[in-house]
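Each of the next two complexes has chain A plus one more chain, namely chain B in the first and chain C in the second.
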Partner chain A sequence: MAAVEHTSIAKPVQSARPNWLARDLIGVAVILAVAVLGYFLFPNNLALLTRILAIALLVLSIDLVTGFCGVATLGHAALFGAGAYAAGIAAVHWGITDPFLMIVIGAVGGAVAGLVSGAVILRGHGLAQLVLSIAVVHLFHEAANKASTYTGGSDGLAGISPDPIFGMFGFDLWGRTAYGFAVALLVIVFVLLRLLTRSPFGMLCRGIKEDPIRVRAMGASVHGTLLKMYVISGVVAGIGGALNAISTQVVGLDSLSFTLSAESLVMLVLGGTGSLYGALIGTVSFMWFEDFVSAANPFHWLTIVGALLIAVVLFAPRGLYGSAQLLLERFRGAGK
Partner chain B sequence: MQTVFSVGIDALAYGMVLFVISIGLSVTMGLMRVVNLAHGAFAMIGGYIASYAAQTLGFGYALAVLVAVVGTILIAIPVERFLYRRIYGAPELTQVLMTIGITFCVIGIANYVFGPTLKTIPLPETLRGPVDLGFRTIAAHKLFAIACGVVVAAALWYLIEKTSFGVKLRASVDNAAMAASLGVRTKIVYAVSFAVAVGLAAFGGIVGAELLPIEPYYALRYMVTFLVVVSVGGAGSIPGALLACLLLGAIDTTGRYLLPEYGEFFFYLAVIAIVCVFPRGLLGRSK
Partner chain C sequence: MSAVFQVQNLKKAFGGLAVTQDVSITLNPGDRVALIGPNGAGKTTFVNLVTGHLVPDSGKVILAGNDVTSLGPTPRVRQGLVRSFQVTRLFPDMTPEEHLALAVLQRTGRSGTIFGHYQAKPDVMAEVAELLHTLGLDHIATRRVSEIAYGQQRLLEIALALALKPKVLLLDEPAAGVPQSDTPRIEAALAGLPSDLAVLMIEHDMDLVFRFAKRVIVLAAGAIIFDGSPADVTKDARVREAYLGSYANDRSAA
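Right, the complex of A and B next:
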């Protein structure tokens, strides 16, 4: 593995290093700028913006397994919900209300759920894989419903009251603290994921997506690598779930639902798989569009969302980000 | 003993309804390799048209069924022509996105046109009461659903094993490119089998309306069940789908009777176990 990378990548990396560093800094700056813009444009809608950020973490985590490893899953909400319930149960039943500690517990919960569901889902391929992932999320859902002494069942787990951050910034009704907290978390996770996807491990995952047989012939463990990525993806999704639990102060069964899994996959494909920017763009545009359309026309919003999905498949099959990139490249190519 | 019998009959009826609806999905999935999440939407459209024809237009049951099946196929033809044809051979994710989009559209339109309430399809007099089998009585509509499942299975078996269309269909399933180069017009085979699949979905939606009630979110609620059945049975295999439906129907119904507080927990546990052991489905062909 290492040898192959040396021969094929060693040279471009040296010349490209300042380039990607600059690009990442620009990326982080754009995220922060959009976040500040959102804060000032929709000061009364910060709850929605925070929810978008939490779901963005879920979509990023799907991107890790779907976009980078080629594992199709319709059951990723299982990891998100596991993180949300882990943080919520810790707060309600064990009295752990420090927000940072809750995030860590959510990440651990997500990682464990990632290990379990990854071990199941990775046994299948194609249709079997999709069905396994659906079965896993339903299993989690029914288990959470049954264990109502801990999870509150279909009533939801209420009464989560996180402490103020650093003892200074309380989670108020306006959701300003929650929003700032969410933006900070997203940026940190985003930077870490950029490093991860560019690491040898991330390259190995891309290699598995392209050609698992060849990777196995090179001596790398396909299953082990994918399982590791699944656990990492569980950490990211778990952080998203814990963030959602902290900001809404309630965890419902809908955070473990098939609908959430399907919607978040749709967001990823809408934005473009295999790119962290695509995941973010897909989440923001889908959730903003859904909110806008359901407010503008509650009767037709599902129809319009459906039509949007069909339009994306027909006219922008690489997703919004991928198609924009392609267009830009063509434009540049034409300019030369 | 009485519980065993009534569980058995319910399981059989439920399994047969599942079979009638999802066999079309199994065939099209084996044939065109499209992960079609919108299949349940066509079953729902069939149910809505039948309900409209029977309740508002006052048609008889048999006529309503006929109108609904034909109507659903007529709706499906342009959908196949303009949307599905674009995603044959596309990656799974694209197919999932497209078919979820179609499902959302159908749900939204059904919700707007027919409203969010449950729709019933009034049964004819002969199917309404119980039937006395001598030692036990059974609801007639359940018996009817079982009979429909048996007839559909037999007819499909005949169509696929004994007719020239069946030969072309099997050839296209095995190797579409080779079949096309031997003169099979695969596009027509695709279109016809898609129409048959949709017609069967509509038929199953109507026959099973007593068990799977028709409402706008029908398409989303049972989407997964149909997909699971196909995966457990093995895409493209009729005996496999039949076996999967009977097995899953039995597990689901038994779970509901004996341990209702667990919901569908055991159903999905069984699905995971089966798919892990048979990744290509119970009777799927290995490649």
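Right, the complex of A and C next:
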């Protein structure tokens, strides 16, 4: 192939580049500020906050395949649960209790689950794809139930006791260490995902979502790209699962459930698909609202959550973040 | 001279309708061929068949000596067989710059990289700038495709094909939907193509056909009825018959 010619055509585009860098830094700063605020506002509820962060990783992971690639799934907890069990089994049965190692093992478990479920789910399209994803999470659930020597079956896998972080910060009763660990993990994953979604691979995924036939006509492999994204998504969900295993010190079958899969998809839709911020906002609002309403009205809270969801889907179909963005754009447009 | 592209006895029927009837075409490097024919003659179907977007009932497609009949569209593109679409297929939320960058990255085996930004790759940006310039799209390089005029989308469709540096280029009505004032851009882009590239262009604009093509193939009702020089095509009785009454109305149809 001929070497690329360097022409003398002016490229004025180059100057306005670090715009997104600044925006990402602001994004990270906001996440950290909210995390610190949560720590001081709800010091007795750090366990819930930590769970929110673990689930946020799952919702981000769904966003990667659903929001960025257009693959609908109701079985993504399979990836989260695989990460949780991988980390839990490593700790309980193999004595691997270093929290960082457990996260890595969770990420690998999630990646393998992503590869397996992606290979199955991507065989179908549309409704068939959705049904396959449900089947996959049920199979994972059943497998974990049957392999009770390793997983503890329906009793759950207990006795996970992670080492102190850097040998200094033990996982205390109040959950401070777990919360700090979770915030750090989320921020790191978030930054990496921002880079990922802007990379050539991220562009290719957006292209597949918008027109797979055009992507093929460019010589790119649609199936291969989607499978790769599924594996990456598995890494993210697996980290979330491992984080949950470390912070709660147990892994239950509910981490591999259809319910969790469906709920986290709802969180994504609530926040807004196709945006990492939407995924985070959706998770935080849903879980906070669920906790708040179930405490305020233990009898009818599900009804209230249901009504809220219907309202969002009908009146803010782009989700909370997407709609806020739209409003802001209109507001700016009107201000000119 | 060895052929770069051979289509042998290609057949395709939709239900009972034979849309491609025993079509054979050979292209050599450097060929500039126009494929013409009335609407519904099966021109687009022919492109879909040879590029792997449709599966033929029988026949062979040979690209640079390799039988690619059983391959999907993706590997054929990688082997140098590139097409453009009659009805523009682009990513509505992406910019022309992003489209072309993705094509260049794909061609150079970098579309799977998960870190780094295309704007930080000078070779990509230089090539993109050149393509944008050739087709007169520089001023809308960073607008979303859904916000640019259809004529500009058509030009981007062509730029995208060129960005893949094909060995065989199939253009499906590249000038359809492009304002008359912009067709010279298409011609300039075609004139600047490497001389060893084989181009087959489907086109209704006969002025464009006569300026571009050294050879004209006429398809009617799924069969080739003429394959020869531009000078002879208008004299051919069968061609006239095929076009009689239909050609005048064709240009406005999709």
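Note that in this section the second predicted complex is superposed on the first by the 320 of 336 C-alpha atoms of A that agree within 3 Å, B and C clash if a C-alpha of one lies under 4 Å from a C-alpha of the other, contacts with A are read in each partner's own complex, and residues count from 1 in each chain.
Definition applied: a contact is a pair of C-beta atoms (placed from the backbone, for glycine too) under 8 Å apart; a residue touches a chain by one contact, two chains touch by 3 or more.
Here the structure is a predicted model, which is why all the values come from computation and not from measurement.
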Looking at the overlay, does A:Val104 come into contact with chain B only (first), chain C only (second), both, or neither? neither
Chosen between chain B and chain C, the partner touching more chain A residues is B
Overlap of the chain B and chain C interfaces on chain A comprises residues none
In the complex, the residues of chain A that touch chain C are 1, 4-7, 9, 11, 13-14, 17, 195-196, 198-204, 206-207, 210-211, 213-214, 216-222, 225, 228, 232
The answer for chain A against chain B in the complex is residues 66, 72, 74, 120, 123-128, 130-132, 134-136, 138-139, 142-143, 145-146, 258-259, 262, 265-266, 269-270, 273, 299-310, 312-314, 317
The chain C residues in contact with chain A across the complex are 51, 53, 72-74, 77-78, 82-83, 85, 89-94, 97-98, 101-103, 105-107, 110-119, 123, 125-127, 129-130, 133, 138, 141-142, 160, 164-165
Per the touch rule, the chain B residues reaching chain A in their complex are 29, 35, 83, 86-87, 90, 92-94, 96-98, 100-109, 111-112, 220, 224, 227-228, 230-232, 235, 261-265, 268-269, 271-272, 275-276, 279-281
